[in-house]
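You will see two complexes here that share chain A, one where it goes with chain B and one where it goes with chain C.
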Partner chain A sequence: MGIALALLGAASAALFAGIGSAIGVGRAGQAAAGLVTEDPSQFSRALILQLLPGTQGIYGLLIAFIALSNIGLLGGNVDTSMSVGTGLMYLFACLPMAFVGLVSAMQQSKASVASIGLVAKRPDQFGKSMIFPAMVETYAILALLISILAINGIPR
Partner chain B sequence: MTDNQYYYAVARIRSRELGLLNQAFIDQLLGAKSIEEAMRLLQDKGWHMPDSYTTESDRIEKMLASEKQKTWDLIAELVDDMSVFDVLLIENDYHNLKAAVKKSLTSVKHSEIFSSGGTIDPKVMEEAVTTRDFSPLPDEMEPVAEKALDTLLHTHDGQLTDIIIDKAALKAIGEAAKRSGSPVLELYARLKIAAADIKIAVRAVKTGKDKKFIKEALAPCDTLNTEKLAEAAGEGMDSIYDYLSLTDYSDAVPELKKSPSAFERWCDNLIIRNIRSEISHPYTIGPLAAYIIARENEISTVRIVLSGLINDLPEESVRERAREMYV
Partner chain C sequence: MSVLPMKRIMICAKRQDRKSILEFLQRTGSVEIASREMAEDDTVFSSMDVSQSSQLFTKNAALADRALEILAAAAPEKGSLLSAFEGRTPISVEDYEANVKKRDNAMRYVNEIILLDKEATEAKADVPRLTTQIEALTPWSTLNYPLSFSGTKKTVAFIGTFPEKLSESEIAEALAANAPEAEAVDISIIASEDNFTSVMIACLKSDGDSIEDALRRMNFQRPPVSDMVPAAQVEAYEKERAEAIRRIDSTAEKIASYADKREDIKFISDYFNMRAAKYDVLGTLTQSKRVFLIEGYVPAGKAAALEDMLISRYDAAVELTDPDPSEDVPVLLKNNAFASPVEGVIESYSMPGKGELDPTTPVACFYYILFGMMLSDFAYGALMSIATFVLIKKLKNMEPSTRKTLTMFFYCGLGTMLSGILFGSYFGDAPTVIAKTFFGKTLEIPKLIDPLAQPMKMLVLCFAIGIIHLIAGLCINLYTALRQKRYVDAISDSVLWMLLVIGLLLFGLTTDMVTGMFSLNKISPVAGNIGKVMAIIGAIGIILMDGRESKNWFKRTLKGVYGLYNVTGYLSDLLSYSRLLALGLATSVISSVFNQMGSMVAGTPVLGVILFVLIFIVGHTLNLAINALGAYVHTNRLQYVEFFGKFYQGGGHKFTPFATNTKYFKFKEDN
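Let's turn to the complex of A and B:
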């Protein structure tokens, strides 16, 4: 039961953060395509803004890797007798990345879409336009940090 | 399509907004010394210049029609269900209904009396009125067409027919706006109906119409009490000013005192000022609706400026009529 809970935590981090990023990158991609339709020279700028909500999926993957590695699933020496308490610890340690990843990716995509609109109007303001969605990234990084610290703090 | 699905469309509109005419350009256009200079300025802005035309007015009308078409072609490319923009097109349908009803009783043969850009083909409208088979028309238009035709047949009163159709048009605009679910289009309809009601009340005073007639002519309006407006119109212009000064449209009073064209300008500017916030909305249908309204607004301003140049009107008089721009 403990190992199942730990696995659920690792899966949640990859799953929810990945879903958030997929929605976010898709959303920003639509706006980027709109901008490039009108002005193909803005492709690289639009692409960078589109990719910003994609980082949460990578963070989720990283947390899942660390969790799977710590519970031994990657090395082949899985601890099937893991206690429910330890399993729950892994589950809760992964939750910050899972939920903050999901929500921040979706919110960041809205900021990216707005920034793509900004670049459409003022291509010279690209630098500033990146800052707005990047601010949302802060919270994904904080969640990533907490999840890493929490997983590494679980006694093995 | 929900609001969240307009990411692509709004990004394209954001780029297109760069091509909208701004106040500085309108000032430059107003300063043009000849129609050729004005046309050259517009051509530099990417406006279509017709290859063949008969008169200067024909050239202008063809250019404006082409610009209007460009806007609607772009929107048709971006939106699957165009019915959301019916609120902006219904006016043309009812104008065409008016034309069809009057044409059926006169020997007018010109097709130019019909306006393009409605939701119903003018030929269908004409056929429906001629054959008195109104079934091809939308449900809400059927009884209006029948009533207007019967009224014109029995009374030969064109003004009464106009009132029946205009009132129905305003009602249809309000309903289409509510159906669209877009706050911008609802706002547009609200301002359009209020402005039309004020115009009706003012015209009624000037032509000496009685209270019953005014009440019949005013369309239901969310931001004006039509009962009170009709009462005020029955008493005279001062009562209209007194009533309006207590409403959201108190700023209209000094414009009404100036001239009808000053009031028309104020109405159009009010709409533009109210939709301007859409410039910063990143993913709703609002920016699309605002873009169409902005384009219609700049087309009508260009028409005013070019007509002024053709008719040798003083720059100041044209400037007074020129509308505020969206960007």
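Let's turn to the complex of A and C:
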């Protein structure tokens, strides 16, 4: 039972953060495609802005990977006798990344879309346009930090 | 490491020389023209209206660009993958003059290409039009009369369609019902499908009106009119369509045959753009009957040489003065080879404003380190450095801005290699994995900190770098204020905050909470007490000084307390540096995921190795691309938000000299 809960935690980190990033990158991609139709030379800039909401998915993967390797699912020596308490600890430790990843990727994509609009009108302001979406990402990074610290703190 | 000093330049010369002097300035490209507004009622000086010629040149340049576009579609230019980094082709003055002589020819090519393209467009529109017409005539192909046939001397013929499937008897019945008086009616069905029936109906002239009435009631529709027998008409249309298709091909071929004129057309585009720019400047010049004036800014270092050249070549008087402090002097940065690559980063934030220092050197130092910490893999860094180094060495012709960006990534690669060694990451844990899967040995990579196993230790390192970064920002703020002799600002905006932040830090390191959380050793209580005193002095100072522009003491204190609240800003700034850990971990974890995937399939002989190599290459390419992007974005963020937030406003405008802003060629001035 414990191991199932731990696995639920790892899976939800990858799941929700991944969903968020998929939505975010998709949304920003639509705006990027619009920009490139008008001005194909903006492709690399549009691509960078599109990819910004994609990092949450990577962070989710990171947490899932650390959790899976800590509970032994990757090495093949699964601890099936894990207590429910420990399992819940893993589950809760993964939650910050899961939820903040989901929401921040979606919100970041809105900033990305707006920044793509900014680049469309003023290509010379690309440096600044990158910063607005990156601001949102801070919270995903903070959640990632807490999830990592929490997973590493769970006694084994 | 500096903002280059500028001189204001005023050139006064004979009016007949103005074009050659402007051309000279344009080719040397070291003066930013900044003409003064002229008084409306000036009787001696006036400016010239050149908008018409300037418009003509711009139009010609646009035509040339359009011709190039058409040409590129018909005969794509061959270019290697590297050509994206290649700069403009240099061209000597003699070649330039030779090309100018050929400009009428080139313009003729441009017009011919555009004409051909127009022809092709028309032909392309013809094809679908003819196709529809052929389709409309197809049901009539068995009819032996032209569709406009309306009858003989005694009879009337109706050719048309019913919008449903009808048989001859059904039509006859309906006609008999609607026009009972009509006698001899001949109905011949030409074609019939599910949703239409095309027929020819003939009757006596006397019955014509009543039949027509009846037919109208039956939704009878007349076909498109043509004077030829349908089969012949279809054939004619088909011929025309084939002709149009042939014309499309032949115009494409003809356009493609201009491929060898491409360079000439590129030149003409540049040439007209340059002339347009020259005429735009010409329009802003102050001119009298015999002389004209040019005013602008020139970097002080180039001023004397420019003055000499102008005086020796033309009858010109040149006056150089120091710009007035109130003027909006353009900013040009000058840095050594190590720092100048990040000038682009500064530029995309904002150029230094009045009295501000050029932040390039400190930004460069931290840029390479922060980027390295985020990508943190020796092999990735080496790949980046080698790739950029080869590009820089191989492509001599590169534009300065491209070269700067590539050089920046070269240094970032070095930083990445350094942190890769510190954290023992070489394609992630590839050496360990390869040693284990293929050679059955265990290999420990030496490392200073293992970020995955000791995240707290790594976090402390990130915060330490963050504190150094922030304090460095405050130090620059202090230095700027001192240089401008704003001593009160220097103390209250920089020194007090440094006291507070460092004091809190020292004090924090003596408390159980902080040391326990980060598993650090406590420092001596004496240092803690010093820290406490520093923090208190800092805090009181900030409360007293932060609202110093208010006269009212109560208001001033309130503002000061609010200013002290800003200490939370420092906390969030510091926490922001945890992204160094997060992004570094992302690189190493994803690369170990790929390595592990590879090792899982590596069991089978030969095929396993191939699969491993395949997963390795694809996986690490992907990881490098994504994480280099992340590192780039977040390094910029740390510089712009956390670092610049402490001392840098910007707001200057970049020095944009009057020069040959061309797309394809670069003009070399001989001397």
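One rule holds for everything that comes next: the second predicted complex is superposed on the first by the 156 of 156 C-alpha atoms of A that agree within 3 Å, B and C clash if a C-alpha of one lies under 4 Å from a C-alpha of the other, contacts with A are read in each partner's own complex, and residues count from 1 in each chain.
Methods note: a residue touches a chain if its C-beta (ideal position, glycine included) is under 8 Å from a C-beta of that chain, and two chains touch if they have at least 3 such contacts.
Note that the structure is predicted; figures quoted are calculated from it, not measured.
Peer 1: After the chain A overlay, clash or fit between chain B and chain C?
Peer 2: Verdict on chain A: chain B and chain C fit.
Peer 1: Looking at A:L144 after the superposition, I want to know if it touches chain B, chain C, both of them or none. Which is it: first, second, both, neither?
Peer 2: In the superposed model, A:L144 contacts chain C only, not chain B.
Peer 1: Report for A:V78: first if it touches chain B alone, second if chain C alone, otherwise both or neither.
Peer 2: neither
Peer 1: From the overlay on chain A, compute the angle at chain A's CA centre subtended by chain B and chain C, rounding to the nearest 10 degrees.
Peer 2: Taking chain A as the apex, chain B and chain C sit 50 degrees apart.
Peer 1: Is it chain B or chain C that touches the larger share of residues in chain A?
Peer 2: C
Peer 1: Looking at A:I154 after the superposition, I want to know if it touches chain B, chain C, both of them or none. Which is it: first, second, both, neither?
Peer 2: Once the two structures are laid over each other on A, A:I154 reaches no partner at all.
Peer 1: If we overlay the two complexes on their shared chain A, which of chain B and chain C does A:I23 touch? Say first, second, both or neither.
Peer 2: A:I23 sits against neither chain B nor chain C.
Peer 1: Note down the smallest distance between any C-alpha of chain B and any C-alpha of chain C in the overlay, whole angstrom.
Peer 2: Shortest inter-chain C-alpha distance (chain B to chain C): 7 Å.
Peer 1: Please name which positions on chain C make contact with chain A in the complex.
Peer 2: Touch list, chain C to chain A: 345, 347-349, 452, 455-456, 459, 575-576, 578-579, 581-582, 585-586, 589-590, 592-593, 596, 626, 629-630, 633-634, 636-637, 640-641.
Peer 1: Once bound in the complex, which stretches of chain A touch chain B?
Peer 2: Per the stated touch rule, the residues are 27-28, 30-35, 37-39, 110, 113-114, 116-117, 120-121.
Peer 1: Once bound in the complex, which stretches of chain A touch chain C?
Peer 2: Going through chain A, the ones touching chain C are 48, 51-52, 54-55, 58-59, 61-62, 65-66, 74, 124-128, 130-131, 134-135, 137-138, 141-142, 144-145, 148-149, 152.
Peer 1: Per the contact definition, I'd like the list of chain B residues that touch chain A in the complex.
Peer 2: 4, 7-12, 14-18, 280, 282-283
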